[in-house]
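Just so it is clear, A, B, C, D and E label the chains in written order, and each chain counts residues from 1 on its own.
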Amino acid sequence: MSAFLTYLLNGLAVGCTIALIASGLVTIHRVTGVVNFAQGTFAVVAGLCTSSLLGLGFPHGVSEVAAVLAAALAGLLTGLAAIGRPGTTPLSSLIVTLGVGVLAYAVEIVLWGDQPRSAPGLAGSVEILGARIQTQYLLVIGVTAVTFVLLALFFGRTYLGKALTACASNPYAARVVGIDVRKMGLLAFALGGLLGGIAGVLVTPLRPISFDTDVTLIVNGFAAAVFGALTRPVIALAGALLLGVAETMAAGYGYGSHQLEVALGLMIVVMIVQASRRTTLSQESV
Amino acid sequence: MLEVTGVSRSFGGVYAVREVSLNVADGEVCGVIGPNGAGKSTLFNLITGHLTVDHGQISFLGRRVDRLPPHRRARLGMSIVFQAARVFHGMTVRENVMVGAHGRTDAGFVSAALRLPRHRHDEREIGEAADRALERVGLAEWADRPADRLPIGQQRALQLARALCARPRLLLLDEPASGLRGEERERLATLVEELRADGLTILLIEHDVAFVTRLVDRVVVLDLGQVIADGPPAEVRADPLVLAAYLGQAS
Amino acid sequence: GSGDGGGGGSGGQDPIKVGLIVSLTGNYTPLGSEDKKAVELAVEQVNAQGGLLGRKVELVTRDDKTAPDQGIVAYNQIKGEIDALIGPVFSNSALAIEPLAERDKMPYLSLAPAQEQVEPIKKHIFVTPALSSMYAERFLQYIQAEGIKTIAVGWDSKSAYSVSGHEAMVELAPKYGVTIAVDEPYETTTSDFSPMFTHVRESQAEALVFWGSGAPGVTAAKQYVASGLKTPLFLTASQASKLWLEPMGAAAEGMTVQSAIGVVGEHLPDGKQKQVIEQMAKPYAEKHGYPPPQFAQDGYSASLLLFEAIRKANSTDKAKIQQALETMDLITPNGRFQYSATDHSGLSPEYISVNTVKDGKFVPTEWAKEQLAKTVSALG
Amino acid sequence: MIRLAAGLLAAAVTLALPAVLDDSALAVYILLGLAAIVTVGVSLLMGYAGQVSLGQGAFYAIGAYTAALLALGGVPPVAGLIAAPVVAALSALVIGTPLLRLRGHHLAFATLAMQLILLSLAGQLEFTGGDIGLQAIPQFSIGSFQAESAAAYAYLTWGGLALVLLVTHNVSTSRPGRALRALATSETAAASSGIPVGRYKLVVFALSAAFAGLAGGIYCFYAGYVAPGSFPVLISIQYIVMAVVGGLGTLWGAVVGATAITLLVQGLDSLATLPWMPSYAPSVLSYAVYALVLIVVVLFLPQGLLPTLTDRLSRKRPRERRAR
Amino acid sequence: MIDVQDLVVSYGTATALEHLTLTAAKGEMVALLGPNGAGKSTLANTLAGLLRPASGSVRIGGRLALIPEGRQLFPDLSVADNLVLGGWRSGRRDPALVYDLLPRLAELAGRRAGVLSGGEQQMVAFGRALMSEPDALVVDELSLGLAPNVTADLAAHLAELNRSHGLTVLLIEQNARLAFDLCSRAYVLESGRLVTEGPCDELADDPRVASAYLGGAIT
């Protein structure tokens, strides 16, 4: 029983790290319709920044906040490249974000070298009902919960959130009612950068980060985000948790070498079941 | 030819179409009118298979079709012109119309890849059919333009040409005259009359009651998903229920 | 027409060209870039001593982008101009180049640890890093010496290095009277090891041997600390570098980590082995600001082996270099290589150290000190 | 007329190149051709039928493993080469049947996941050689003729590309091609024209998989070695980049895109590893310059290289065009 | 007030509007007629600032709202959210006034706009434009897809707004009868050029206009 709870809790924590990456993807796609393949990069930038700043002797807190802001700036710059030019289609923007991700490799290598880095986080672990979980994981779970509540409230309840959503739903119509679609898109990219930064700052103490860690991060994050149709944060969160729990459960119950297959396979199956309940017409209606 | 019996469809508990029964005889032109949101387009989608029925039966040419997918119903001879223009992007007007003939031929990937003689023959025939259809709706001079750049009115005409190119037995027109000015409306009316003369069975949704009245043998009025009147146009126009629900003081 | 055919210059002869194909972009960049630094250092040193056979040594470097097909492209680009090849650290690239090198009779020192390169033996392919089976055997020797009977093994099912290390361990365990109570695969992308630790906690295992390279090594070791597990953690040589030590920080204290002999050079008694290690470690640390990691030592050892072979062959004739390699007996930072017609790997487990982490450094265990002292003193 | 001449010229150059290029250039020429074969399939799938596959590398891998396993099992290489696209297409049919219920990003993710899963399995199964892969794959041969030189593989590759282009051209300019383009815009409207949308998507998925499988088959004989590491996920993304850069939905765009990207990558690599280059050159050149070129091309030539080029040319001769 | 002087708009190389001059005084209701492809929607988009003129000037007095061609709702948002976003510029956040006018929308408030019927969507588009409390309104096809009684209601409401708030209206409408009933003046556009303009009653008598726009279906 306590083993099961251990797997569950740790799985949820893993899911939360995935969800944080997904949150940025969802934010950006929901507003701009662009799948941002540079999302993992934001996390990497933040992770590397934290590690450097801490190394330079800046205190915790300051380092992390600065790193998150740096990621937000990276997000804004990515946005400028991806949607700054009028007439760029979402597909072109997607390729641009891929390009930005690759460009970032070069910048990161010049600034930080090619070797992985890490940063200290919350040390130790806690026991909950006989199940052990790292303290850093608890922080991750807490931050994720707050982030997603805020995100859901922001998009679902606030006027600005609705206006942002409107931009991707129908950019032309958004302009008709007077919304500055480009500015909103850049805001979304900055927000996405911020979210990616939070993910990076939280993940770096858990696993070493190097310039190309973004690939691993984005694959899982993309899976979760797509689960939520790239627009619905709460469903994406559910997807991420599913992914995380499936991985640890697979490892816990003897399929340690097939975690990837189990987790991704499960995602596909659930998506197909979801899809077969929607009709073509409703997906196409304008 | 078309028999709709007790058909219902709801979305999240709200009935869009409720217990609708409707028979259309061969060669008949039947108008469907009703307030906005009455369920007219939904009924069309049920008939053509883009939506599945919750209850009820649909038969076409004596055959149950309510479980068939849309492309099978199309191949049996149903063609629909949607309310919203659905023009295929990245193709010329002629190519768009040629797609309409898809169900009439069956040269597949293999014969296309190998350029078998039959395939060439089909291609030529489809091309000619498309040109005829374009001529009919008055789009001949636009044939080589990219279709997605057409103004809305022409896009709708293009849809009609595409539907005709399939040589349907039953044509379902969802507000074909919307967005057309008087002159073009006139041309459309003439076309419908011609088609009717050719023996085509037509179901026509239209809010321009005068237009409907002039063209159809019979009018079915839907309100809140149900049939509230069914009969010759003159009779229906005088029906107090219809006046209250639909025509208002405007008529 | 810049007239470079004329020669002139110092030696009056064309330089000896050594090909180097490593991963400079892609996943294996952190490894490949260290290899490159070390080989460049070796070339610098040999040229400073007047080169080989009176000729300068020139390096022709290519990037395999951590992809086998790019390895092939790279090899094809340089095969015409080079006299010998030091090959990829990425096993898949190394293996992709093999048939081509074999066909061209190109002397080829591989930096990849894959067992398959030497099983069966290919005439022109020689391996520099210790094979994972050697690490496995060395650990079992240590485990036996410590009186441990039951162990747990965690291994990365997606990494050839760790798969074959695990296999060797399973195969050799009975020989050393060791039972494997928990046999736990994971994946390179695994980010949570709590299932593994839970299984170990529930078992009788007296030690957990963890096979893996790169990120999982750090992630697992950190989570091991947090998990509060008391079973000692044994890590293999992939963790024997600052790449692992730095992120671990104080948490690494007391963990057991294997390494090639070169990593613990300062703890060796004076002698030839220590001298060779320092000949590389000092200038490397001066130049790059940190002691050479394992990969760098592989690259440097490969260079020494190749230079020695050319010296012995006294020509750049490929067949002669191959023969020289097959009769090679040379002390390198990785230990003493004794290649032969039946052994293209050349090393033996004696050149592997078992260390504990003390004050952020790898310090050989008492057992290892004793063993290494024996090994090294035999070399003189 | 001009198109015919251009075609003939292209054919002549294609045929002449293997004879004049050296081995190192031929290696690039072959890999370029192979990439083009896969990219044509991606372009057909994405540009015509509007379905995004982020897992095309999986079918490349399936083709390669199929041919390799058969050849290692003693089956004549020709049979292996024919089996490669067939098995890839059959796998696509099996995989695509459930997967193609998904649309857009869902499909993109599912194909990506499929590749990850397949590679993970290939990396663990006994008969695929695990992570190390399959070695010592025999040379390609037909009867007594053995393809030993790189030039032979170059002809094989470019012959394969010609075949793939011909099939794509024939398919895309006729009934099925129109149906594909139609369903890319609106599956509803396509279905009401009598197009069996599901079946068409499946067939085009299988066709593009067959192309990838063919390329994989040739690759395995040329390289003599296949491993999971030969087919990273990034390779699938690279094909999409090639298709987009060249010009989606155009036949030759795929070839142009594959050529441009391959030459760019190789050129930068050669430049970066020159002896006098600083040590960070490989990363800066291979990453930064590549990325910048990519971004600039995508932003400023959003239609892709080929359509922009042809547009420029045709704008110079508007009259000839309109006369048609 | 809408004042368009010598306007030229083009798509790439194709010119859609050529030297167009058109005005609507404050509080005036003006109709714009023209065959498909004449450039009516192009003008509407230009007035709304969504297309940039190649030359010429466009001046608008006060806030302008557009009911665009093809409804152009936010399909993923609810009807209520669609309406509320109409108030982006005006700051109005309460759609009650729209619900009063179009009670059907109150029933549909929670539904996703994308699944509405054609006519329902048109109502939302109309309501959304009203939410911006415009001084001038450009309507690209008012009657499109609407039941006759709804069209009549909306037309009456437009007239009412015009009277009470001095709303300026440019009405693009294929149903010329409706346009002539509602407006005082009309412009006729063909192939991007003005062909006639004048008071509606005069135009209705123009045989060319009559045959092209009033011909056909007889009420």
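One rule holds for everything that comes next: contacts are C-beta pairs under 8 Å (C-beta built on N, C-alpha and C of every residue); 3 or more make two chains touch, one makes a residue touch a chain.
Everything numeric in this text was worked out from a predicted model, so none of it was measured.
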Most remote chain, CA-based centroid, reference being subunit B: C
Interface with more contacting C-beta pairs, comparing B-D to A-E: B-D
Where subunit A and subunit B are represented by their mean Cα positions, the distance between them in whole Å: 46
Centre-of-Cα separation between subunit C and subunit B, whole angstrom: 73
For subunit A paired with subunit C, centre-to-centre distance based on mean C-alpha positions, whole Å: 36
Per-residue multi-chain contacts in subunit D, two or more chains: 120, 124, 186, 188, 191, 197, 283, 287
Junction residues of subunit C - those touching two or more other chains: 25, 29, 33, 157-158, 187
Residues of subunit A touching at least two other chains: 105, 109, 114, 257, 260, 280-281, 286
Complex interface listing, subunit C residues touching subunit A: 25-27, 29-30, 33, 157-158, 184-187, 189-192, 194-196, 198-199, 202, 214-215, 218-219, 222-223, 225-228, 242-243, 246-249, 251
Subunit D to subunit C touching residues, read off their complex: 22-24, 26-28, 31, 120, 123-124, 130-133, 135-136, 150, 219, 223-225, 227-230, 232, 235, 266, 269-270, 272-273, 275, 279, 282-283, 286-287
Contact set on subunit E toward subunit B in their complex: 33-37, 41, 69-70, 104, 108, 115-120, 122-123, 141, 143-153, 174, 176, 211-219
Subunit A residues within the subunit D interface of the complex: 35, 81, 85, 87-89, 91-92, 95-96, 98-103, 105-107, 109-110, 114, 215, 219, 222-223, 226, 229-230, 257-258, 260-261, 264-265, 267-268, 271-272, 275-276, 280-281, 283-284
Subunit B residues within the subunit E interface of the complex: 11, 34-38, 40-42, 83-84, 150-154, 175, 177-186, 189, 207-211, 214, 246-251
